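Across the two complexes that follow, chain A remains constant while its partner is chain B and subsequently chain C.
Let's turn to the complex of A and B:
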């Protein structure tokens, strides 16, 4: 088992002419961590990954692996593994030759290359596939070959740029499980790029939310989900009902009463000068009778969608203010229909304050 | 409930895209058959039917006269021209393939534009440069490389230079096309997997450019086999190639059967080489042109 490398970005930035692909970014990835970069298209995820691999020369700052500055080192001497979105297998080489490629570059003896290739193929459950050409494999199989090729030389750091992006949903979920298993087995640090928040949340120890070439927030997935730092993070990770606050005043010990732009009166915990507050759809209870929560509103169901295991309602509570409410299936004691008059409510503790 | 017809009687063949294309292809096919295949067939027939039926023309080619030597010389020149073209075109194509926008268009214009000047004019131009008291000889003497003007015309060197000049675009264009299609991620993968620049070229770039190499090589080699004007002007008299031989037999000796037989042999050699090459390289040479 490899010891994972630590990784540090020190004010790394990248500009292409007038385009800023990456604002100065500082971040630390711990040894052996599964770290995901999550963000919309064009947010600079691949650029950040490219600075580690050496494909992108940073315009400023430096990248440190295990404390050593690698910014000026050419890619072939960095000893980093990488899996690409379209797998990037060499089409003119067999599966075994593909996996042997990095070992040949390292001038390992023939017998050891053969042994290691066999072991790598076993690891990704493709024993016996060695003589095939990549084009003769399914997408999932090619992906596993790419993984074997990236791991066969035991790099302490593995980069993955949307490795499951080209697979269909079921296969993707299967591969997610496999990748987690893989991470436990090899012990390398993994930096994983994705724009699928579900994927990031289910696989990573920590995630960084990227937007406009900047890491907006870094933390464990549940932390970031429960305590989003700003409105972008709150919206990007799951759904959020967002309120723009007009003013607030203390109301009892540790309580803050706020007035929203729609003139709703909300009770929240703590004191803040933040401009926004949000509540997650699944923290809101819904029913035909008043809910008895600290924040309680009457409204009307304008829309409902059944999704696996829950129902997603839209409830209009004031002119220009529609809340999204997610009720899990077993809570749905009373069946609500469109245009029903309902009551919704949530606790003050479920309110989160956000910056813009 | 409406009853569904249980039997569907098909009155016409369903239209498919393939059928539409087949119709479109009919006219050019007819054109080729009448103006290309038929004359070719007549050449082959004449070589075995005249002056009397049999393989007499072929035994004559094989066992007498300069025919075999000239055919071998043709193959040799074609091979040299192809090799020289590849050596010159490969780095140029690799650089061009990395260009974009205006530079790429300029480069393509230069390459394609060179096809607009006729081979005759360009061969005459070389003749003037290469003649006994031409610029090249003057330069050689002035630089002290040669003591006196040397013979350049009527040598293989002159013919090869002239043919490379004309055939270079046919090597460049498929090379550039296939190099531009190389997935940059494969090169990145090679680098991060540990390949230094030299091994990256040998292990990744070159194999990925092979379709272009194959296509260019076949195009240039086969074109060289049938080249006439350039070898005639630059090699004239002392340096003979197959096409010149055919022309000489037909126009000077009026021996159409022998001319036909030589042409048929040249055609057969071309076909055999093309098929054998396709087998060895295991590529569809038309693929890289798509």
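Let's turn to the complex of A and C:
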């Protein structure tokens, strides 16, 4: 098992002419961590990945692996493994030759290459696939070969650039499980780039949410989900009911009463108000009778969708204000229908203040 | 007749016309030359009045044709190699390099393909004289490379655009330096296109006359140049015989290109 490397970005930035792809970014990835860079396309996550792999020369700052500055090191000497979105398997080489490639570049003896290739194939459950050509394999199998090829030389750091992006949904979920298992087995630090928040949340130890070339927030998935720092993070990671606030004033110990743009009165926990407040759809309770929560509103169901295990309602509570409410299947004792008059409510503790 | 039927009728008529034109302008001269080469007369005649292989024997007995063929093959081979190197380098620069100048560079590289050879010849002739290279192999090879390189550039550029550049990135992360990535990834990926371009370059050099007229000398007499000289002095059917052999050789090259262009047999999945 490999010891994972630590990774540190020290004010790394990248500009292309007048275009800023990456604002000065500093963050640290701990040894052995599964760290996800999550963001929409063009958010700078692939640029950041490129600075580690060596394909992107930063305009400023430096990248450190285990404390050593690798910013100016050519890619082939960095000893970093990388898995690409479209696998990037060499089509003219067999599966075994593909996996042997990095070992050949390192001039290992033939017998050791053969042994390590076999071991790598076993690790990704492709024993016996060595003589096949990549084109003869399914997408999932090709990705496993790419994984074996990137890990066969035991790099302490593995980069993955949307490795499951080309697979269909079921296979993607299966591969997520497999990647987690893989991470436990190899022990290397993994830096995982994705735009799929569910994927990042289910696999990573920590997530960095990227937007407009900078990291908006870094933290464990549940932390970032429960305490989003700004409206982008709140919206990108799951759904959020967002309220724009006009003013706020203290109302009891540790409580703030706020007035929204729609003149709704909300009670939240906190000392100072911010520009925005949000509440997650699953924190709102819904029913035909008043809910008895600290924030309580009457409304009307305008739309409902059944999703696996829960129902997603749209409830109009005021002109111009429609809330999204997710009720889990067990709470659905009372079946609500479109146009039903309902009551929704949530506690002050479930409200989060956000910056823009 | 329906509109659809009319279109189909027109398409069929168009195809027939194209075939007729193709036959008339491309095939007919070739057939005439081949038929003339087997004449039993002392001069070029058409239609043939008899069948004889005497002019092939006559060509065989004249060493000048062999010398010229050997010159043409050497010059063609050197041109092909030089074009493959320069064409691949410029294709790499244009498809994988920066973005600002690439369109201009691409146009500049391709320009000699469209420029009349006479203009290139007029430009190169005094230059080669100045460099004291006139009449040498180097002069002819350089001249031919100017017009042959665009073909390699074109086929290699197409090959480079045909695959994901991530393959080379992958090789780099896996421990290959720049040269190893080129040798182990780029070269196998562009091999087919490079070979086809090389054959094209050879073929262009092999039947190029204009530049050879200006740049070659007595010691570097090429086959097209010798044919041209014969055509001006003695119009014997030897010319037709040699031309037919050149045609045969060209067909072999074309066959090689077709073989290389054939898509790889897809392995059953």
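Going forward, the second predicted complex is superposed on the first by the 355 of 356 C-alpha atoms of A that agree within 3 Å, B and C clash if a C-alpha of one lies under 4 Å from a C-alpha of the other, contacts with A are read in each partner's own complex, and residues count from 1 in each chain.
Just so we're on the same page, a contact is a pair of C-beta atoms (placed from the backbone, for glycine too) under 8 Å apart; a residue touches a chain by one contact, two chains touch by 3 or more.
The structure presented is a predicted model; accordingly, all values stated were derived computationally and were not measured.
Once chain A is used to superpose the two complexes, chain B occupies space that clashes with chain C. When the two complexes are overlaid on their common chain A, residue A:101 makes contact with chain B and with chain C alike.
In the superposed pair of complexes, A:76 makes contact with chain B and with chain C alike. Using the contact criterion defined above for the overlaid structures, shared-chain residue A:88 touches chain B and also reaches chain C.
When the two structures are aligned on the shared chain, A:298 is found in touch with neither chain B nor chain C. Looking at the shared chain after the overlay, A:133 reaches chain C, while chain B stays out of its contact range. Looking at the shared chain after the overlay, A:57 reaches neither chain B nor chain C. On chain A, the patch touched by chain B and the patch touched by chain C overlap at residues 53-55, 74-76, 78-82, 84, 86, 88, 90, 92, 101-102, 105-106, 149-150, 153, 159.
Taken in their complex, chain A has these residues touching chain B: 53-55, 74-82, 84, 86, 88, 90, 92, 101-102, 104-106, 149-150, 153, 159.
In the complex of the two chains, the chain A residues touching chain C come out as 53-55, 74-76, 78-82, 84-86, 88, 90-92, 101-102, 105-106, 133, 135-137, 149-150, 153, 159. If you check the complex, the residues on chain C that touch chain A are 163-164, 166-167, 169-178, 180-181, 184-185, 188-189, 266-269.
Chain B makes touch with chain A in their complex at residues 183, 185-186, 188-196, 199-200, 203-204, 207-208, 210.
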